[in-house]
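Chain naming follows the written order as A, B and C, and within any one chain the residues start at number 1.
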Amino acid sequence: MPTPSRNWRETPQRYRFEAGRCRNCGFVAFPPRVICPQCRGRDFETVVLPERGKLASYTVIRVPPQPFADQAPYAVGIVELENGVRVTAQVVDVEFERLQIGLPLRAEFRRVSDDGQAGVIAYGYKFVPA
Amino acid sequence: MEGIVGYGAYIPRNRIKVEEIAKVWGADAPSYKKGLMLEEKSVPAPDQDTITMSVEASRNALRRAKIDPRQIGAVYIGSESHPYAVKPSGTVLAEALGATPDVHTADFEFACKAGTEGMFVAFGLVKAGLIAYGLGVGADTSQGAPGDALEYSAAAGAAAFIFGRESLVAEVLATYSFTTDTPDFWRREYQYYPQHGGRFTGDPAYFKHITGAARGILKQTGMKPEDFDYVIFHQPNGKFPLRVGEMLGFTKPQIEPGWLVPLLGNTYSGSSPLGLTATLDIAKPGDKILLVSYGSGAGSDAFVLRTTPRLDEVRDLAPRTRDLLGANKRYLEYGEYAKFRHKIRKAE
Amino acid sequence: MRDVAVIGVGMTPWGELWEKSLRTIFVESALLAVEDAGVDKIDSLFVGSMSSGVFVGQEHLASLLADYLGYGPIPALRVESACASGGLALKMGFLEVASGVSDVVLVGGVEKMTDVNGNEATYALGTAADQEYECFHGITFPGLYALIARAHMEKYGTTREQLAMVAVKNHANGSKNPLAQYPFPVTVDAVLKSVLIADPLRILDCSPITDGAAAVILAPVALAKKLKKPVVKITGLGHATDTIALSSRKDITWLEAVHLAGQQAYKMAGRKPRDIDFAEVHDCFTIAEICVTEALGFVDKGQGGKAVEEGLTALGGKIPVNPSGGLKSKGHPVGATGVAQAVELVKQLRGEAGDRQVKGARVGMAQNMGGSGGSSVVHIFESE
């Protein structure tokens, strides 16, 4: 289950979509990494991912894991952003029948999960139709 | 001259109609619709709250302001539905926008007036020369008790305003606040739903403070109702703002562009602020706007604004309020609404 | 490196084993393998288990099981690679015998999954995915494979019916397996009407939650001959990893780790896909079997759905896949699966598979996979 420090550590990625771009070969890592998987470079600069993209694949979760027990059914997809980086995230504010590969989407700030009624709330990105 | 550099709105897509609520509680829908001048209200999804809506409204404000978020010196969210009782909403917003760490943040609370409070203080710091830009947001996902009159109108939405000294879309010409201790509507700690004084919320509360603030600012500026192109009052229902406008000598065409409540409901701390964003969406350069909020407890904040030519240049860099109000709507039945609004008691 | 043989196998029935604890389940299967091998000593123990800590709060598993096995203070190691834990325990056991460090090695796999409720089990299984960038968003394993299925259907025209046919085939095989959790046939219609888990996957596309264990005994070929056991050799081994997150893959319809592991195994064994008489593959979901048959080179890329429709991988087909019933019908106690695949390979290669016997089976392949394809291990077994 999420803990305060684990969630807090990911806020640059979850709140501001910050990725790491390898200064050597241009590979964009999201989340940022220590070593580039493409060229093994170690020198990265912070870049912000584009907020728009297309749906590359999708599903509707009907049997959720514990932290999401109340939320089912919800759609999750792999979104290919305008710069080619792909992220996994929920797709919301759209009827399941409208989901299709290629659907244009943009990122929106939402509550993703919480540690029960009394725990810390984890915020992050979800995607809505663009 | 100081004023608004960028403004933005956010309204969730889900709605519920008055008829749907009335059906469950055995109430007469037509008389509620007539009495409140209200058709339907917005409903936040479980993944939306005061913080998420504030972030999206603020991002829209930044799109119009076109400034580096690191220049924002103060971030304030005013709400009566902050997600935490202790832990600020404003810090999440500031972090999401990239305004941290060199920023002042505080959460504001004053029933439906909390939004204009944050705006007032952000503006004041800019005017005092302490900060370059200040962000004030009014946002709420307020609750009405099941079956209570307020359940028909308690809605969700957010409006954000970035104040600064240059590249304004609207100058703030004057501000005025009118406050007394009046217990018309309250919620005690650990209570889930608020309570209110019924008809006591009318004349001694809403009307007294709005007219008090409006008359105060008109006297201070030497202006009259006919000097204004538009006026926005706090909108707990469709009737009150029309009635107070009439009492003060304003006309329906002045009120109409900012009068969102019939299709939106009462977004509490977002109410008059969203009326302002809707008005800025259609105002012409040089238009004069009066904004008078109201928060139970009780008080009103008044602002006199004058739009600039830059408004025309940046208006369409972010969605217009009425487009957010009308687009992609999804109507809920009461069961799903109750689930979304956490009104169903679940196992511990 | 010495040649390594499998000289004993053991497996007890799989299912919801309320009365048996994790240690009991393991020991019962392990002792069957020891008896089958006819050995009176064990030099070391490798056990595959994905998540005993989350399911029953038990870590330090290898030591616990070595203790309860009762064969002395032997070195014991728990191997974890999500659902490939069993297959990788087999690899470690193989290396220990091949290198000469040990002569008799017990490789077992075990998982006790039914002491937690469905949502908690889904969470535990989700730890095989990227916790912060996949699970954080509410994805589940059926969800990840559903993403693969949707993309495969879009790219290659694979149909919902073809996915169902994988389940039908594996249940037909599993109905002949007395140890299977669900030893009954299902129809395409039943699959298509079963409840949705993660669109387009339905419950009959998904391997179940299972308690179970399996064990094999490894020894050098020389010892196998001395014990007068039919010699089943491990001739090929491959192991590879891929990105943990599905969204990081270049092509989410292609299982690169499986492909690389398969190539390594073929190379080591001096074999090609057409030499494989039958295979036990990781059908955690019906789409997984389709993608694996492509990655192992049994069929061309994108043709996995068509192949199952045409009966290529049926028990009587050109290359029977999952004669045991696969994960779908046999069950999927996560860490045990890779070892159970080895058990089936040995039974087939010894001619002891009864109604499920693949005729003329001499070369078998076992493919085990972790997560959404983040790791895979492939073994080739051959009878002499």
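In the analysis below, contacts are C-beta pairs under 8 Å (C-beta built on N, C-alpha and C of every residue); 3 or more make two chains touch, one makes a residue touch a chain.
These numbers were taken from a predicted model, which means no experiment stands behind them.
The most distant chain from chain B is C, comparing centres defined as mean Cα coordinates. Nearest to the global CA centroid, when each chain is reduced to the mean of its CA atoms, is chain A. Between chain A and chain B, the centres computed from C-alpha atoms are 30 Å apart. Rounded to a whole number, the gap between the C-alpha centres of chain B and chain C is 58 angstrom. In chain B, no residue touches two or more other chains.
Residue positions of chain A touching 2 or more other chains, listed in rising order: 71, 90, 112, 126. Interface residues of chain A, counted against chain C in their complex, comprise 2, 6, 10, 30-31, 37, 56-69, 71, 74, 76-78, 86-90, 96, 101, 112-113, 122, 124, 126.
Interface of chain A with chain B (complex): residues 11, 15-16, 70-71, 90, 92-93, 108-112, 121, 123, 126, 129.
Remark: chain B residues 13, 45-49, 51-52, 55-56, 59, 83-84, 92, 95-96, 98, 328, 339, 346 touch chain A in the complex. Contacts from chain C toward chain A in the complex involve residues 118-120, 122-123, 126, 130, 132-140, 142-143, 146-148, 150-151, 154, 195-201, 243, 245-248, 252.
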